[in-house]
Every structure is written in C-alpha cells, then in structure tokens.
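In what follows, chain A forms one complex with chain B and a second complex with chain C.
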Partner chain A sequence: MNITVIWTLAQKELRDALRNRWFLLYTAAFVGLSLALSYMSLAGAGIAGFAGFGRTAASLINLVLLIIPLMALTVGAQSLAHEQEQGTLAYLLAQPVTRVEVFAGKYLGLAMSLLASVGLGFGIAGVVLAISDGAGSPAAYVGLMGRTYLLSLAMLSVGVLVSAMSKRAGVAIGGGLFLWLAFVFLGDLGLMGTALTMRLSVGQLLWLSLLNPLQVFKMAAILDINATLDLLGPAGIYAMQEYGQRLRIIFLALMAAWIVLPALAAYARFQRRGDF
Partner chain B sequence: MTKRLPSSVSNIKIVLATLLASGLILLALQMHAFASDRETTQCGHATLQAMIDAAQPGDALLVPAGVYAGPIQIDKPLTLEGQLWPVIQGDGQGHVVVITAPNVTLRGFVVRGSGASLDREDSAIRVSAPNSVIENNRIEDALFGVYLERAADSVVRGNTIYGMDLPISRRGDGLKIFYSPRTLVEGNVMRNTRDAILWYSPDSPVRGNDFADGRYGLHLMQSDRHVIEENILRNNSVGVYVMYGSGFELRRNLIINNRGPSGYGVGLKEANDVLLEGNRILSNRVGVYSDGSPLRPGSTVTYRNNLFAYNEIGLEMLPNTERNRFRDNIFLDNGQQVTVAGGGDLLRNEWAMEGRGNYWSDYAGFDADGDAIGDLPYAAKSLYDTLTGVHPELRLFQLSPAVDALDLAAKAFPLFAPQPRLSDPAPLMQPPALPPTPGLEPAPTTANLLVALTMVAAALFIVWTGRRGLRGRRNANVGKTHRATARS
Partner chain C sequence: MIECIDLTKRYGKFIAVDHLTLQVAERSALALWGANGAGKTTVIKCLLGLLRFEGAIRVDGLDVRRQGRAVRQRIGYVPQELAFYKEMTAVEMAAFYARLKGAPSERIDPVLEQVGLSEHLAKPVGALSGGMKQRLALGLALLSDPPVLVMDEPTSNLDAAARSQLLQLLAQVKTAGKTILFTSHRIEEVEALADAVAVMERGRLQFTCDSASLARRVGLRTQVKFIVPGHEVERALEVLQGEGLAARRNGIGVIVDVSHGEKARPIHTLSRARIEVIDFEVE
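Then we have the complex of A and B:
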C-alpha cells in the first residue's frame, strides 16, 4: 500500500464527486434545507432565549435522517459500478496500483467529499443560528455534526458494498435507493407494527431498533444534546437505567461496526471479482 | 468571598473590636454583661450560646465574625445579626440552630454541618415558633436547610442553601415549611437539595427564588392561596408541583430544563382555581402535567400568556380533564404540543376565551380576513401522537422520518385519521408578547459563530483540495506513476 497513490486516487475521486451532479444536488439540498430549518426555528429564539437549541437540533436530526443516507448511499452505490460500466475502472486497474490502493483511494475521496458536504450544511446553518442567538452550546453543535458525519460514512460503506455487488450502475443505484427506503421508512414502520402486534418488551424494541444505524445516530445525538433519552419514552428511560453512560460506547461501537464491516465486505467482494 | 471572610478576621480584629464596642454601647444595657464573653468568642469557642443565654428577651445581638460551635438553641425573642459572616458550625449530628421562641430574627450567618439522618430530619435551622425571620444566611453542608414547623407569619428571605453531596434519595429538603401559614419565601437560592416544600401552609407567597438541581423545585401540598412569582426553577426533576389545594397563581416564572423519568415543568394534581400567567416553560420533559385539575365542581384552571417551548411534550393531561381555559399562550416547537395520557380527548376545555385562542407553531391555516386570528380552527389529530398516548413505548421513534410518513398517511387516507384531541377555534397568527421573566441566558454567540465558520472553512478547504488536484493532476500524476512503476 502506497499512501501517495491512495492520496492521488482520493483527490481524483474528490474531483469527480465535485463534478458529479447528484452530489452537488444533494449538497445544495442539504445546505438549503438546513438553512431554511434554522431560519424557521428562529421564530422563537427571541422569546425563549438560550433554551432553543434542543428543538433546532431535533429538526436537524430529522433532516439528517432523511437526506444524509440518501446522499451517501447513492454516492457510494455509484462509485465502483459506474466506473466499471464506463470502463475506467479496468483502465485504472491496469495501472501499477493495487486493488487495496484503488479501493482505499476511492473510499477516502468519497469520505472527504461527504465531509465537505456535511460541513457546508452545518456550517452555513450554524452561521444563521449563531447570529440570531438560536444556537445552543458550540460543543453540542460540533458533536451533532460529528455524529452526522459518522452516519454518512456508515451509509457510504453500505453504498459501496451495494456497488461492489452490482454489475451495472443503474442496478447499484436502484439497490441504494431501496436500502434508503428500508433504513428510513420501512424499518421503523415495520418495527412499529411488530411492536404493536407482537407486544415486544421495551428492551427487545430498543435492541431491534438499534440494528438500524439511523436509530443509532438518532439516539446518540439525542443523548449528546439532552444528556438523557427520556425524550424517547419508556424505551429511552429503560436504556438509560439499564446501560447509563455505557450507552455512548454502545452507540459508538455500533456505528463503527456499520462503517467498518460493510466496507470490509465491499473490499472482499471487489478483491475477488474478476470482471473489473 | 463570603467563605474567605472568617479567616481574614484576625487581620481586622482591632477594627472589629472598635466597631463592636460602639455597637455595644448603642445596644441595650444587658449587652455589657457578656463583654468578657466576647473576648473568648474570637478564640472560636462555644460562647454564642452563652451570649444568647445572657441576653434579655427582645435584645438585638451583633455577633462578630468567628467560628461558633453549634448546636445553638434560641428560646427567647431575640435578634441575632452576624457581622462579616460568623459561622455556626454544627457537630455533624442533629440540628445546628434551633429556634423555639417566637419573634426571633437570624440574619447574616453561615450555618453548616447538620447531621445526616432523614428520620430525625436534621436541619441547619429549625424553627418551631411563629414570627421568625430567617434572612440572608448561607447554609452549607446541611441535610435540611431551613425547616419551619408551626411557625406562622415567618419570613425566609435571601438565604443561600447548599445541600449535602448525597444521592438524591438521601438528601433532605432545602426548605421545608410545615403548618406555617402566611410565611413569605423570597429571594432564596437553593442548590443540590431534595425539595422546597410548603405543606399545610396557606397564604404563603413564594417570590423571586432560584431553586435548581433538586428533585422538586417547589412542592405545594395541601395548601391554599399561594402566589408564586418570578421564580427560577431549573434542572430539577419537577419544577413546581401543586398537589391538593386551591387558589394558586403562578406568574412570570422561568421553568426550564426539568427532566427525568417523571420530569415536569409544572405538575398540577387535583388543584383547583389555578392561574398560570406569563410563565416561560422551556425544555422540560413535560411542560405542564395536569392530573385531575380542577377537581372541585365550578373551579377552573386558567392558562394565559404562557410560553410552552421546546418541551418534549408541551402539555400532558389525563383524559376527561375539563374546565381548563386557555388564551394567548404560545405553543412553540414542542416535540408534541398537547398529549392525552392514555388516549381520549380534551374537547371539554376552552381552548379560546373571548374570541382569542393560542399561538401554535404547527398551525397550518390562514387568515384571509386579516384579523390576526386564523380562519380555520387548530385541531390536534396526529395519528402518531394518538398512538403514543396509548402505546408510550412507540415514543422510541420520535424524530424518525417514519413518524412523519405515518402522519402524512393519516392525512391522505382519512380512514386512519384519529379523532381530534383538541380544537382551538381562534388560533393566533402571531405569537403574543410575553412579560419578562428572570434568568433567561443569552446564547454564546461568538463561540457559535466561530464554530460555524470553521465548519464552512473546513468544507471549502476540502473542495479546494479537490480543485487543486484537478489543475495539478497531470504533472503530479506523471511523477507519481513513475514512482509507482519503479516500486513495482
């Protein structure tokens, strides 16, 4: 593995991402929506004072849950399959670079482009919030952005895995979109229905929902901002009493698993495939 | 600052002695009797009790700085005034100051070191006689802070009360007012204790206090006719809990960040004739929890000009609550604005008075006739809110986009739409102005701005890195490919 080669490939990937219309569109949407959201949350900033960040953050969490997985999944799903379809991947692999370097370079470049996107969204919204005294503590805001970034990495890994398993870019993007639907809507709705029909205990409900990285992100962000999970009702209170501050570690570990495992699986697939 | 004063006493002993001498002359004749005692008090021995024993009823004693051993018993009407924060140090057992006579004033002392027995209710200042004045004292390391029992017409004003560093279940009440009607509780600061509780003490105003980091910020039990004004109740489990009584006026309080499994900003349990006006109720788990209030036929609970903002639940009521009246309140961005615990509706309350309703941040109507009142009623009928009323465990999905999808589906397919839980016939288009409350903190604007700008800068730097790669790519890549070739 050669770091300079990886860095060069990452720069190329970053450059491609900046030219990619999908990506620009998502970034613009994320920036625009977070801006609109912070602007709307300012209605109460004057009458409520410093206390207002909780709800702004809550709306931001809602927005992040919707947009970030969509962005990261489609960007990840495009990555390998698209280049393979165009034939550029075969050309790249014919160069004196190893598959590890190609994979790592791609991942790094996409991760950097996601960081730029998340940073722009949070940064611009943060300027508006700060100027109008709608923001809370700086640490909470940075924490929320950090967790958002981790979520985007997890979704990127899943997207890359889909990409490595697809032969065509169209199939990969379709798969990515389906996964987005599953993570954002179907999973939660299904679990709600299951909880009602099967009479799940709060512990079972908590752990089943934690299989979804979006829920992990959501709970971790709420824990950061509120210092408790009582917003989440009985299951949240159960989690606090059962695991207490260990929850932070649990959330971090789950998120790390969602980042690392799909990425490793994607690499294993990429390494074995003969048709690239 | 107050803590340092006792130690700096030796430096100004002479000044003090002069002051005292003149003070003593001005005071009653009896004071001379213990002029010799005063010498020994400065050695820090237990002579405060001797001073008290020697004084005549009605005397005013100026107590110089120093450390006096407790416990102290005051059994005659006296005024004790500490100068430069004399310390009454308990021996870690029982009460520190016990007042058993009426018309006693205790002012300007540091009282610390009570026992830690919840059974005996060990207190820093224990009063069991009427007309007492406990003023401007600083109470530290005490299980119970100020404990008034059968001490009617007393004043507890301007004290600072710090509890013991114990788990909340083993702490005592910072302020306990028991069977002491017409007691004024004003301008006290309380931290790290259990409750401030007024029990069977009607007509006691509570004004301008700052109670934080406890269990019940303020707890009123079986007690009538209280005015609760301009207090700050912060970071407790419950801000104000009103249980069993009638005639409560809560005005212009700041009730913020009261959380925990049963955290409420304001709890009303079978309380009658309650008025909440101009309170800011922010960031609590539940802003106001109403359980069987009002209970008595003909009595009401009136909410006027309050701000409910950023609570997980703005207002939670038990089903079939009635005779609650609302006007000019602001319900702003609560996770759920109004819920019914256990399902049911709140339609038997007046959600508007005299043609004016409330401001709802999620109101989606319009105002075609321009009278600042929405033309469509505000109706709360979120399917998810209704579901969580019956199945609270589903609150786990709070903030998930799936919840929005569920509510959208309910709107699109009226088959699933639940019955409205409340209906405000005259919702306001703009939030009404609120009176000021004490204690609102400004946000750290500069720090937030710096953080946000740093984020933008970092993002732009990454973009720039990519752009630079675009321009210098050919040259750089040629070199790197060569190196890579050489390596392989």
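Then we have the complex of A and C:
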C-alpha cells in the first residue's frame, strides 16, 4: 500500500466533505443543538455541577442518536456511488493506484470529516459547560465524545457498504436514509413488538437490542455517566447483574464489530466490482 | 509493448469483445477503428484493469491482472468522457494526479505549458472549454512521462479548431517516442496519428491495415457539398452524374457522395465544365 496515495485521497475527501452543503448543514445543526441543549440543561438545573452535566449528557445522547447516524450514513452512502455516477471513480481507478488504497483513502477522509464535526459539536458544548462550571467529570464528557465518534464510524461503515452496493448516488442515499429510520425508529418498535409476540426473556431482549449499534452506544454512554444501567429497567438491571463491568468491554467489542465488519464487506464488494 | 491475447469480455450472454488478439509495437501508434458498440472502449477499460476479462493483456511484459498498478504506472490515459472534479482548478487537479502518479511536482508547470493551459491554471475545471478540458486530460496523462498513451476517442467532443490543436499536440507526443493506442471513428485523426489500424466490428477484430489504406479497406465515403450559381445547378448535376459521381440537389447547392480519397474529383469536374464553385463543405 502506498501511504502517499491514501493520504492524498483522504485530504481530498476531507476537503470535499467540508464543501458538501449537507454535511455542513448536519454539522451546523449538531453544533447549534448541542450548544442550545448545554445552555438549557444548565439553566433548567438551576445549579451547576454534576446534576447539570448529567442532564446535559442525557440530552446530548438523544441528540447524537438522531443526528450522528443520519450524517454518517448519508456521507458514507454518497462516497463511492456519487463518484461512480460522475465517472470520476473510473478515471481514478485508471491511475496507478490500487482499490484498497482508494477505499482506505476515502474512508479515512470521511472519518476525519466526521471527527471534525463531532469535535466541533462537543467542543463548543464543552466550552459552555466549562464556563458555567457544569462540566462535571471531564473524563466522562470526553468518553461520551469518544463513544459518539465510534458510533459515527460504525454508521459511516454501514453507509459506505450501501454505497459500494449501489451504482447511483440517489439509490445509495435512499438506502442510507432507510437504514437511519430502521436504526432510530423501527429498531425500537420492532424490538418491542418482537418482545411482546415472542415472549422473549430479559436476556434475549438485551442481546436483541444490542444488535442495534445505536442501542450499544446508548447503553455504553449511560453506563459511563451513571455507572449503572438500572434506569433502563429490567433489561438494564439484568445486564448489570449478569455482566457487571464486563459490559464496557462487550459494548466496545460490539461497536468495533459494527465499524470493522461493514467496512470489510464494503471493501470486498468494491474490490470484486468489475463494471467501472 | 502492448499485447492482447485472446481477450474476451462478456456481459452475461452478450460478448462485447470476442477473442481479440493484437499487438502494439514500442514507439508505434495503433488505432482501434469501428462503429459505436464495436468494443473499442471495452478493450481500453480491460487494459486499464477497470473490467474483468478472459484472456491476457500485457503491457511492457507486465500482466494487467496481477501487476495492475505497475501497468497503469506505464500508461497515461485520456478518457472519452472527461470526468473531472469540477470544483478543482486546473493546477490543483494536476497536483492531485501528480501525487497519485508519484510524479514530481516540478513536472506540473512544464506539462501544463506544453498543452497550452498556462494562462488558465487558476480556473475551476468546470469553467474550461471542451478543448481545454481535453488538453488538460492529455496533460494529466503525461504528468509522469509514461511510455504508453491510451486514448478513447480523444477528439470526439471537440470543434474543428480544438480538434486541430489537439491533433498537433498528439503529433508532438508521438514524435517524442510514446507508444500510442487510441480508439477513433474519425479518419483524419487516424491518418494523422496511427501507423496501423485494427478494425473491429461487434467485438471481433476484422482485419488490421496501415492507416493510409484504411479508407479504401472500409469503403469510407464522404459527402461534399458545393454551392454554385443558381442558374448552373442543373448543369452541374448533369456534368457530375455524367462523370459517374453520385450527385443530388440540396437547396441552393449540390451534394456529391465520393469515396474518401476522391474529394477533389468533383471540383476538377466542375472546373473543366467551367462551372464556378462559390463555396464547398466536406461532411
């Protein structure tokens, strides 16, 4: 692998993302809402300190669950399909580059752009919290940001997989939006419906919910902030009793699997394609 | 320098290239000639490793399938449809592709000057004319000074002036000793650049010949339109048809269908009959 090629492509991808109006819109929405939530949570708490941070963190988790998957899925879905539709991908592959370099360069560039977006959102909200003396545990805040970034990478991998399977950007973005709906809304509804009709045990319900990376993020973030999952009800209590602090490793492994496996599948699909 | 051995490309049951075997010698230029759908572009895409294929393709002794990067390192490619990042400027684009090709950045300015784009470096690629874009594509292909130039219909989207400019540039490139493989269906392009021509039809190689005999071998015909004084149109038709030329009236003029090497014959015929030719146009 040629690192110069990968870095050149990553830089271009980052530059393109920063020119992409949808990406800018999502970033602006994320930054604006993070800022508003931080301010309102602290104002509503009436006092600074951990109570303010817990409230802000809970609000941020919900914001992240809505916006970050949408942003990462759509930029990922556009990546390969848009270039193929424009014809630029074929021209790129006609250069002395390999497909693994093109894939890695694009993924790295998009990952950097998501890091910039997440960093900006959390950074500005963090400054507000710090000024208001409501940052609580800085480590917990940084941990939440780190988990958010991992979630964005997982959703990016899924988006790139959709892109590798589509020839048209419109179809890929449609697929990305459908998956966003499925992860954010249909996942919860489906889980509730399945639990009721199949009479699932608490353990089965826990593992079924962990198939959704958004649930993994949510549980991991709550565990970081509260040190327990009791507020999630029976499934949370069961998880704490059964796995205890091993849950942190389980959550990390699941998130890593959601990042790596779709990315590998996307690369395998891209590598096999012979229709450029 | 370039060898295709039993090259076959199938799309399901459709065979786009059918057991094609051909060679391009070092420092020579071969044109792939054929109508749309003959399989010319597919051959180029296989050569660049963009399509999976059966058979073998070697460039400078390197196998396209197993040594794709090394093969593409030796090829400068000019596509038929220019697919550029429109928001980049010409010089940004050149810098981007120079890095991908591992070409030194000092090559950028001389190459862009060679293709006549020195005054347009800061323009976004989307704002360049068709001829400029094509010259930029040629410049990008030459950045790493590759021994092989592969072009897909290099002048197909250009007007006459831009076509002439590009052909002059390509003639210089050929003189510099590049091995050239290009697809075309324009006879003047083939005559100007190619040493040999491989004629394809429905994915199969029909025959190869030298470029000078292509027009005769494929029975190429040209239409020449003459404008003559209105009162001479009928007599011009009679004279031309009397010479065995396929002539017919077309508005205020006469159209004559001639074989490729006979474009001057109707002019001589009209001149001998003392019929004034006000203007003419070759189509």
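Observations on the model:
Just so we're on the same page, the second predicted complex is superposed on the first by the 268 of 276 C-alpha atoms of A that agree within 3 Å, B and C clash if a C-alpha of one lies under 4 Å from a C-alpha of the other, contacts with A are read in each partner's own complex, and residues count from 1 in each chain.
We adopt the following convention: a residue touches a chain if its C-beta (ideal position, glycine included) is under 8 Å from a C-beta of that chain, and two chains touch if they have at least 3 such contacts.
Just so it is clear, the model here is predicted, and its values are computed rather than measured.
When both complexes are overlaid on chain A, the residue A:8 reaches chain B and chain C alike.
By the document's definition of touching, of the two partners only chain C reaches A:93; chain B does not. In the superposition on chain A, contact of A:150 is made with neither chain B nor chain C. Contacts of A:223 after superposition: neither chain B nor chain C is touched. In the superposed pair of complexes, A:209 makes contact with chain B only, with no contact to chain C. Touch criterion not met for A:33: it reaches neither chain B nor chain C.
Annotation for chain A, partner touching more residues between chain B and chain C: B. Common to the chain B and chain C interfaces on chain A are residues 2, 4-5, 8, 12, 95-97. Note for the complex: chain C touches chain A at residues 45, 48-52, 68-70, 72-73, 75, 77, 79, 81, 83-85, 87, 96-97, 99-102, 144. Residue ranges on chain B touching chain A, taken from their complex, read 256-257, 259-261, 263, 280, 282-283, 285, 307, 309-310, 312, 330, 332-335, 361, 387-388, 391-406, 431, 434, 440-445, 447-460, 462-463, 465-470, 473, 476-477, 480-481, 483-485, 487-488. Of all the residues in chain A, the ones that touch chain C in their complex are 2, 4-5, 8-9, 12, 16, 19, 86-88, 90-98, 274-276. Every residue of chain A that touches chain B in the complex is listed here, in rising order: 2, 4-5, 8, 11-12, 14-15, 17-18, 41, 43-44, 47-55, 58-59, 61-62, 65-66, 95-97, 112-113, 115-120, 122-127, 129-131, 133-138, 141-142, 145, 184-185, 187-189, 191-192, 195-196, 200, 202, 205-206, 209, 214-215, 218, 222, 226, 228, 230-237.
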